[in-house]
Amino acid sequence: MQLGMVGLGRMGANIVRRLIRAGHSCVVHDTNPEAGKALAAEGAVNATSLAALVDTLSAPRAVWIMLPAGTVTENTIAELAALLAPGDTIIDGGNTYWKDDIRRAQALAAKCLAYLDVGTSGGVWGLERGYCLMIGGDKDAADRLDPIFSALAPGRGAIPATRHRGEAHASTAERGYLHCGPSGAGHYVKMIHNGIEYGMMQAFAEGFDILRNAGSERLPAEQRYDLALADIAEVWRRGSVVTSWLLDLTAEALAEDGALTGFSGHVDDSGEGRWTVEAAVEQATPAEVLTSALYTRFRSRQDHTFAEKVLSAMRKGFGGHQEPKKTA
Amino acid sequence: MQLGMVGLGRMGANIVRRLIRAGHSCVVHDTNPEAGKALAAEGAVNATSLAALVDTLSAPRAVWIMLPAGTVTENTIAELAALLAPGDTIIDGGNTYWKDDIRRAQALAAKCLAYLDVGTSGGVWGLERGYCLMIGGDKDAADRLDPIFSALAPGRGAIPATRHRGEAHASTAERGYLHCGPSGAGHYVKMIHNGIEYGMMQAFAEGFDILRNAGSERLPAEQRYDLALADIAEVWRRGSVVTSWLLDLTAEALAEDGALTGFSGHVDDSGEGRWTVEAAVEQATPAEVLTSALYTRFRSRQDHTFAEKVLSAMRKGFGGHQEPKKTA
Amino acid sequence: MQLGMVGLGRMGANIVRRLIRAGHSCVVHDTNPEAGKALAAEGAVNATSLAALVDTLSAPRAVWIMLPAGTVTENTIAELAALLAPGDTIIDGGNTYWKDDIRRAQALAAKCLAYLDVGTSGGVWGLERGYCLMIGGDKDAADRLDPIFSALAPGRGAIPATRHRGEAHASTAERGYLHCGPSGAGHYVKMIHNGIEYGMMQAFAEGFDILRNAGSERLPAEQRYDLALADIAEVWRRGSVVTSWLLDLTAEALAEDGALTGFSGHVDDSGEGRWTVEAAVEQATPAEVLTSALYTRFRSRQDHTFAEKVLSAMRKGFGGHQEPKKTA
Amino acid sequence: MQLGMVGLGRMGANIVRRLIRAGHSCVVHDTNPEAGKALAAEGAVNATSLAALVDTLSAPRAVWIMLPAGTVTENTIAELAALLAPGDTIIDGGNTYWKDDIRRAQALAAKCLAYLDVGTSGGVWGLERGYCLMIGGDKDAADRLDPIFSALAPGRGAIPATRHRGEAHASTAERGYLHCGPSGAGHYVKMIHNGIEYGMMQAFAEGFDILRNAGSERLPAEQRYDLALADIAEVWRRGSVVTSWLLDLTAEALAEDGALTGFSGHVDDSGEGRWTVEAAVEQATPAEVLTSALYTRFRSRQDHTFAEKVLSAMRKGFGGHQEPKKTA
C-alpha cells in the first residue's frame, strides 16, 4: 500500500522504515531536504514539496503527518487540505490535543477529506518492537488503511492471549492497534495512556527514592540499609507484581549507574499529562495520582517555588522560625 | 534439601508443592490437621505438632513460617525458638513489619539461631510462575539455603537480560531472588515493592476511570466517547509504555466484564502500604503517589468521611449552600 | 451615586440593600417581577425590562450583572450591550471564568463600553459584614465607581492595620476592595481566593476527621480518645495559629451538632476550584493541596469510583483477594 | 499560685512572664544560669538546680517542663520524678509525641505523681495574645492548676461568642484552654492543630504561587497579570472567606517585601506534621491535604530527589529524551 509521510524526525523516519520493510511504498517529505534524501536511499520516494508529495501519490491518497503538535502540524494540515482531493485522508500521528482533532475533522469533512488521529506509542523502540496505535476518526478510512496500521503495530508476538477474550472479542487490539472511536478518540486514549505512564513512573520513582534513602544518616544506625538498587530492580523483573517495561528500563539505567549521577533531576512533561488532568477535572473524576505525578515534574524544574517562600515567611511570622539548611 | 514449613494456607502449601516438584523434601505442620494430610498425599511429611516437626528435621534445621503477620507469627516463632537447637534457622516468609524482624533476629541470635526475613511475591500465581524472593538477615544462613530459594524463584525464564548488567553484576537477582541486606531488609524491600504496586494500580485505576467517564452525559455531547475499555487495555499490552503484568490482569478482568459489575469498589489494604508511608515520613522522603494510592483505599471503605460533612457544614455556614445529590 | 442591578437573587438583592443603606440609588431588574417589587418596597426603582432599566439610568450608566455565570450572564450582557451608549459600563459581579472576561471586554471596548469583572466574596454575610471586592478591567471606570465599591466593601472595621504597610502602601485594599489589574484580573484573584478556600476547608475537614476517628474501635483501647470536637474548635478560636473565619463557622456547626448528622457528606464544587487547577497546570505551578481539595469533592458525590472497582479486580487477579466490607 | 518552670527558652520565659504579670509566683531553672538570672530580675525565683527548684516549691508542687521534645525532656522528667513527692504534678508543655505521654503518665502514676501534657500554641505572640492550651491527663491535677491555665490563656477577648453554644456548652474552651481528655489527649489535639496549620499554610502558599506566576512569560501575553500580592493579601483580610491569622501574617510579610527575597524556600517541619500523618494512617483516615503539605516541606529541603532522577532515566530509556533546563 502507498503512504505519504510528512515529517521525518526520528518517529516519522522509523515509521517509514518499518513500512518499507513490510513491503509498503512511501512518499516522504521534510522541510530539511537531507532527511528525505536519507530515506530515499532506503527505498522511499522523496518529494521536495507538499505539492510534489500530493502529486506523486495515487488517489485516494493517505498522508501521515508526524510533526510537533500545535502550530506546525496545524499549518501543514491546512496546506495539505488545499492540495488534496475529495476522498483523500490525512492522518495526524503526533501528540495532538484531542479537541483540536474534533475541530479539524469537522473542517476537513466539509472538503470531503477524511481525518484520522492516531496516538502512537513506542518511542525509540518502535522500529523494532512495533508501534502501539490508538486510532480515532472516520472508520471507513481506518479500515482502508488497515494494512498500514497492521504493519506498524507489533502484532501478537510472544505475548500470551488474555483469558476471557473469546471469539466475540476478536479485535485488532490483540495485534497492537485499535480504532477507538470518532475523531479525537485516538489521541484521547493516547493521552490517558501517557497519564497512566506518568503515574506508574512516579510510583517507581518514589519507591526507589525510599529504598535509596533507607541508608540515610539521619535514620537510627540500627534501622539503616545500604541497598543495591540495581539488583532490587532486577529481582523484581521475575515473578513480582510490579513486572513491567518501565521496570525493565529502570533496571537497565540502574545497572549502568546505580546512583544515576548522569541525571540532574529536571523532568520535562508533555501536553498529554496536563490534558489528562484537564479531562479529569472536566468530568469531575478524582485523579490524585496522575495529577501528583505531573506536579512532581513541575516542581523538579524549579530551584524553589514561591509557595515555599510563603511558608517560610509565615513560619517566621508566627514562630520566629529561621529557615533550615537543605538536608539532602 | 530439607525444609520445615509451618502454615499451610494457599501460600505455604504452594511453596511446599513447588519445592517437592524440584526434588526437595518438606516436613509440614498446620494447626488444621487436614491441611497437613493433604500435602502428605503430595509427598510431604506431616508433623502433628511443632515439636514433632522439629524432631523430624535433621540439624541444621530450617523452618519456614508462612502465617499471618503479627501475633500468630510472633507466638509461633517464640515456640519454635524453644524447640530448635543452635545453628538452626527460622525463616519468616510472611508480610512482617521490618522493625519486628530486627528485634526478633537480635533475640534469636542470643540463642545462636539464625533468622531470615523473606518477602515473597507471587500470590496465587507463584506455584507456576515462581516466587520473587527478597531476603534479609544472616548471609551464611541465606547461602546455605540457596537451593531452596533457587527452586522457589522463577529463574531466568524467557525474560531478556538487562542491558549493562555485565559479569560484575552477576547475581541471583537475575534468577528472581536476592539477599538484600541484614535483618529486616527482605521485608523492607518487599514493603516498598507493595508500595509501588499500590501506586501503579492506582495509576491504571484512575486512567480507566477517566476513559469510562469520557462517555458521561454531563459532558458536551460532541466531546463524549463511548470507549471499549477491554480493547483499550488489550491494545496497550503490545508496544506501549505501560506494558506490565498489572495491565495484563486488568485486560483479563475487563475482557470478562467491561463494567466490572461484580465488584463493589471496597478496596482493602495490607500493612505494607501503610508502612511504606511511615518509612517515607521517617526519612522525610516525599511520596505523594504511594500515599494517595493508600488513601484512596481508605476512602473506598466508607460511605462518607466525617471530613466531607465538615465541608458541607462550612459551605452552609458561609454561603447557605444546600448539599447536592450524588452525581454518579 | 446611581447603579443598575440585573439579577436579584440573594447576592444581587443584598448588594442593592447595602447600597441603598449607604445612600446610593439603585434601578433594579429581574426576570421574576416579584423580586423587583420587593426591592422597590425597600427604596429601589424597579424596571420591568432591560430597556426600561437602561432608560431610567442617567449616562454614563453603570449596570451590575449578578447572575449565574455562563449562558445567562453571557446573553444578558449581549442584550445590554445593544441598549447601552458609549461611555457606559457593565459590571459582572458573578463567578465568571476570567478568560471570558478578556474576550468580552475586548468586544465591548469596540462599542466604547467599559467592562469590569468583580469577584465578590461575602456570601450570606455580605449585607452586614460587607463584600470583599476584587476588581478587574478599565481603571477609569473602576475609579468612577469608587463610591459604589467603597460602600459595598467592609471598610477598615476593627481589623488592625498590617505591619509594614506604610504610606507607600496606602490602597483601597485596606478597606476591602481592590482594582487588581486589566480585564479578568478581578475574577482571576477571586478564583484563587476560592481555590485557597477549598484547601483551607479541606485542611480543617481532615483534621476534624482524624480527631473524630481518634475514638475508633479499630484502634488499641489504650490509644483511643473520645474528643469533644465542638470544644476543640472553640478552644482554637483564641490564641492558636489556625484562627480563622472558617474555624468560627466550624465551631458554630459543631456546637449545634457535634456529629453533623444533618449532613450527608455530598459536597458540591463551583467553577473556581476547577479553574484554579487549570490555571496551575497552564503555568506549571504545582498545586497539590488545592487540587486534592477539589478531588475530595468529586469523590464525595459518588458511591464508588470505577477506579476502585479496577483496584478490586486487579487484587482478585494477582492475589485472589475478596473485597472487604466497608469499615465505617 | 505557685509554679516551677524548667527550660527558659523563649516559650518558657514568656510563660513565666505572663504568669508573673497575672500575680502568680514562679520558681525557675535552666541549665544556662543567665536565663534564670534574667527572669529573677523580672520577679521569678531562680533555682540553680532541679533539686533546688523542688526544695523551693511548696507541696503539692507543680513543675512545668518547657524543653525540646525527646531525650532532654525525657531525662529531665526522670530526674524530677526522683525528686518530687507523691501528690506533685509534672506538666510537659513541649511538643511531645502523644504516645510518650501515655507511657510516662503510667510510669509516674506508679509513684503517685500526676502528669499533664499541655499542647501550647501561640509562639512568639503568646506573651501578649495569650497561649491556646490543650490539656491532657489527670483531671484533678488539671482542675487544681486552673488558675495557671486561665492566666496563660487568651481569655474571651474581643472574639464574638459562637452561635449555638448555650449554657450546656459553657466550657473553658471559650477562654482559650481545654482539658481534652486522658494522658496524651492534649498533645494529640495540638498535633492535629499543627497538622491543620500545615494544610492551611500550604493552601495559601499555593494560591500566592499561582497569583505570582500569573505574570509568567511562558503564558500567552494577553493572558498574563502582574498582580500586587501584598494588596491582594490585604484585601482578603476584610469580608472574604479566607480571613485568618495566617493571612494576616502573609499580608505582613508581603507588605515588607512582595517578592519575599529574604527567604530561600527551605521549609522545616516539626514532629507534629509527621505524627498527624501517622495517626491518619493508623486510623485509615484519608488525609491528602495534610500529607501533601508535609511532603512539600520535605521536597523543599532538597536540590533534587532521587525520584526525579529515576524519572529522567526512564524517559531517556523509552523515548531518548534529554533533560530540560530548569524553568524558574
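By letter and in written order, the chains are A, B, C and D; residue numbering begins at 1 in each of them.
The criterion applied here is as follows: contacts are C-beta pairs under 8 Å (C-beta built on N, C-alpha and C of every residue); 3 or more make two chains touch, one makes a residue touch a chain.
Nothing here was measured: the structure is a model prediction, and the numbers come from that model.
Novice: Relative to chain D, which chain's C-alpha centre is the most remote?
Specialist: Result for the farthest chain: A.
Novice: Which is it for copies chain A and chain D: same residues on both faces, with over half shared, or different residues?
Specialist: same
Novice: Hey, how far is the Cα centre of chain B from the one of chain D, in Å?
Specialist: Their C-alpha centroids are separated by 39 Å.
Novice: Please tell me the distance, in whole Å, between the geometric centres of chain A and chain D computed from their C-alpha atoms.
Specialist: About 47 Å, centre to centre.
Novice: At what distance in angstrom does the C-alpha mean of chain D lie from that of chain C?
Specialist: About 31 Å separates the centre of chain C from that of chain D.
Novice: Multi-chain contacts only, two chains or more: what residues does chain D have there?
Specialist: Touching at least two other chains: 123, 202, 204, 206, 209, 213, 241, 245-246, 252, 282, 284-288, 292, 295-296, 299, 301, 305, 307, 318, 327.
Novice: Considering only the defined contacts, which chain D positions touch chain B in the complex?
Specialist: So the residues of chain D in touch with chain B come to 241, 269, 274, 277-278, 281-282, 284-288, 291-292, 294-296, 298-299, 301, 305, 307, 318.
Novice: State the interface residues of chain C toward chain D in the complex, per the touch definition above.
Specialist: 99, 102, 121-123, 125-126, 129-134, 153-159, 162-165, 169, 171-178, 180-182, 184-185, 188-189, 192-200, 202-204, 206-207, 209-211, 213-214, 216, 218-219, 222-223, 225-228, 230-232, 234-248, 251-252, 255-256, 276, 279-280, 282-290, 292-293, 295-296, 327
Novice: In the complex of these two chains, what residues of chain A are touching chain D?
Specialist: Chain A reaches chain D through residues 10, 123-125, 201-202, 204-206, 208-209, 212-213, 245-246, 249-250, 252-254, 260, 263-268, 288, 292, 296-297, 299-321, 323-328.
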